[in-house]
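The following pair of complexes shares a single chain, chain A, combined with chain B in the former and chain C in the latter.
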Partner chain A sequence: MNRRTRLVVAGICALAIAPAVAVVIVHIPAFGHHPLPYGDAINRAAGAERHVTNMVTAVNFDYRAFDTLGEELMLVAAVTGTLVLLRGRRGENVSDRAAQAGDRPVCERSEAVTLACRIFLPLIVTFGLYVILHAGLTPGGGFQGGAIVASGTLLLYLGESYSLWRRLMHSLIFDMLEAAGAIVLVLCGLLPMLSGAAFLENVLPLGQTRALLAGGLILVENAGVAVAVTAGFILLLLEFLEETRATRGGEKP
Partner chain B sequence: MSYVPWATAAWLSAVGIYGVITSRHYVHLIGCLTVVQSATYVALLSVGYRFGSVAPIFYTRSPSTPAVDPVLQALVLTDIVVGATITALLLALTLQVHKKRGTVNPERLRPFRQ
Partner chain C sequence: MIVLLILMFLLVAATGTGVVLAREPRRQALAIAVNGVALALLFVVLRAPDVAYSEIAVGTALVPLMFLAVLVSLKTDRPKP
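== the complex of A and B ==
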């Protein structure tokens, strides 16, 4: 099918769907006045039932934790697929030299860049850990914090060197952490069943509202997700950076 | 004005799909897919929004304060995380296509013949 045929087919489909979309847009309840019974019920009940103050975390790691389990496994599957595809020919061998653009000379990095990275790396990682730890209290959680920590580690590459970043980020360690995070989440579902509770039922002591260690099983699941997301994103960064590396003559790809 | 969010979501998915149809580069196509996906963020967050209400965080407020829907915010969170990893997977596939076939133009690719 060439481009013109595709556009004609798409145009016909769009014309067929357009009236339905228009009807939905006109008849959907007015913006800002939706009846939200499920959300309202959680807003009313979750604070007393689960001792957390961030309702999004309560939904993610407790009321709809089953969905989060599925999402987590999707994440692990996507990361694994990416690793398999990118490592394919190269195997697990890694290089310690950054990518070069053709024959252009490699410039020394400026001391200002190194200084800025050394200042911001601890700040960003600390902020990421703060976001992870305060999942139950304030906006944040394992997903967001994990992404912040993982991207923060890239400053090692920017400010120091590719070889240092490669030496510190062992892919074997992160492979295992990635799997461990997913296993923690699955065990959070299965272990409560040993006590006769339901899959993923929150059986741990809930702690005090507004304390850092409140929420029972939510804390464990959040930690598992944080580990899996951090490790997964670091693995993705590792493999894509490795992929940009051009090979020199005589070197194995 | 109340139809603006839904129209925005419909528009985002329409331009995204147009981009996918006319794409001549897989990286561009993946970018267009991300645009289609962002239509779902707009739609979900608009469904959960409510005038005169606060974020569903009750650290300093009483739980009876009117708040927006946390369920839809959790859905968007899921959406974003999975979207990011799927984008990475698709980019890895693009790299493989480039290595094996030497082109990333969908129109130049024909099925493998054994």
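== the complex of A and C ==
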């Protein structure tokens, strides 16, 4: 099919869907207005019902916790798949030591980079923990905070050395943390059923509004998600960065 | 407020076009990061700070980093001419 025919076909297709697109554009709600009652209902009810001030967290970990459970297991499955593919190719028995950069030249890092990383590493990790802990109060939560902490640890690699980061990020520990986070979330669903409540029902005491420990089961689920996301992202980074290091002399592991 | 919004939309459009126009894979990865920052700013203006956090952490830090890691690993595997 040459360029001319392709353009003609593309033109015909564009003309065919143009009326449908026009109808959709005409019926788009005005900017900033939405016809859905769900958000407004949550904003009215969640503060009194769940004692949290961040409605997004209330939706994620309580009203729609079932969806979060699905997403969490999806994340674990994706991380596991990546690990099986990458680590399986290299061999399980070498996962406890860092791969070498081979004959690739390694640039010396300047002292300024090291200093900047030493200053920012504790700040970023602290900020990540703050975002995790204040899930019920301010924007953020386990997922966002976990991603911040995981990527913050990379400053060790940037400022110190790959092998130090690799030594501290022990893959076996994070394998277990990843699974533990997911198990916590599943148990949050199953344990309330022992007391006769529904799956994932918030049976814990809710605490005082605007306190750090408010929200009941939301806190536990948030902690589980935070642990699983931190561990999952660190594992992904670890396996991906390990791929960039050819083993010395081209030897197969 | 409306001026700020229009500015943010233009910024997102401009950086998004930059991602498409960057043809070199490593530049593309960095262009995605810049686009992520613009999107995060737009989300903040639209009062969705939760989404902005996720966009910064995933779209600006982790995704470009993984692209870069993959690109480096492709380079090391290439046989010498």
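Some points to look at:
The criterion applied here is as follows: the second predicted complex is superposed on the first by the 218 of 253 C-alpha atoms of A that agree within 3 Å, B and C clash if a C-alpha of one lies under 4 Å from a C-alpha of the other, contacts with A are read in each partner's own complex, and residues count from 1 in each chain.
Heads up, the rule we're going with is that a residue touches a chain if its C-beta (ideal position, glycine included) is under 8 Å from a C-beta of that chain, and two chains touch if they have at least 3 such contacts.
Not measured: the values here are computed from a predicted model.
Steric overlap between chain B and chain C is absent once the structures are superposed on chain A; the two fit side by side.
Once chain A of one complex is fitted onto chain A of the other, the partner contacts of A:131 are limited to chain C, with no touch recorded for chain B. In the superposition on chain A, no contact is made by A:117 with either chain B or chain C. In the superposed model, B is the one of chain B and chain C that contacts more residues of chain A. In the superposition on chain A, A:188 makes contact with neither chain B nor chain C. Note on the composite model: angle chain B-chain A-chain C, taken at the C-alpha centres, equals 40°, rounded to the nearest 10.
Look at A:169: by the touch rule set out above, it reaches neither chain B nor chain C.
When the two complexes are overlaid on their common chain A, residue A:155 makes contact with neither chain B nor chain C. Once the two complexes are laid over each other on the shared chain, residue contacts for A:232 go to chain B alone; chain C is not touched.
Looking at the shared chain after the overlay, A:56 reaches both chain B and chain C. Shared-chain residue A:219: touches no atom of chain B or chain C.
In the superposition on chain A, A:143 makes contact with both chain B and chain C. For the three-chain overlay built from the shared chain A, the minimum Cα spacing from chain B to chain C equals 5 Å. Note: residues 54, 56, 139, 141, 143-144, 147, 236, 240, 243 of chain A belong to the chain B contact set and to the chain C contact set alike, using the contact criterion stated above. Residues 2-3, 6-7, 10, 14, 21, 24-26, 28, 30-34, 36, 38-40, 42-44, 46-48, 53-56, 58-60, 64, 67-68, 71, 74-75, 78-79, 81-82, 85-86, 88, 137-139, 141, 143-144, 147, 210, 229, 232, 236, 239-240, 243 of chain A are the ones that touch chain B when the two sit in their complex. Contact residues on chain A toward chain C in their complex (touch as defined above): 54, 56, 102, 104, 131, 139-141, 143-144, 147-148, 150-151, 154, 233, 236-237, 240-241, 243-246. Residues 49-50, 52-54, 57-58, 61-62, 65-66, 69-70, 72-73, 76-77 of chain C are the ones that touch chain A when the two sit in their complex.
On the chain B side of its complex with chain A, the touching residues are 1-7, 10, 14, 17-18, 21-22, 46-51, 55-59, 63-64, 67-74, 77-78, 81-82, 84-86, 88-89, 91-93, 95-96, 107.
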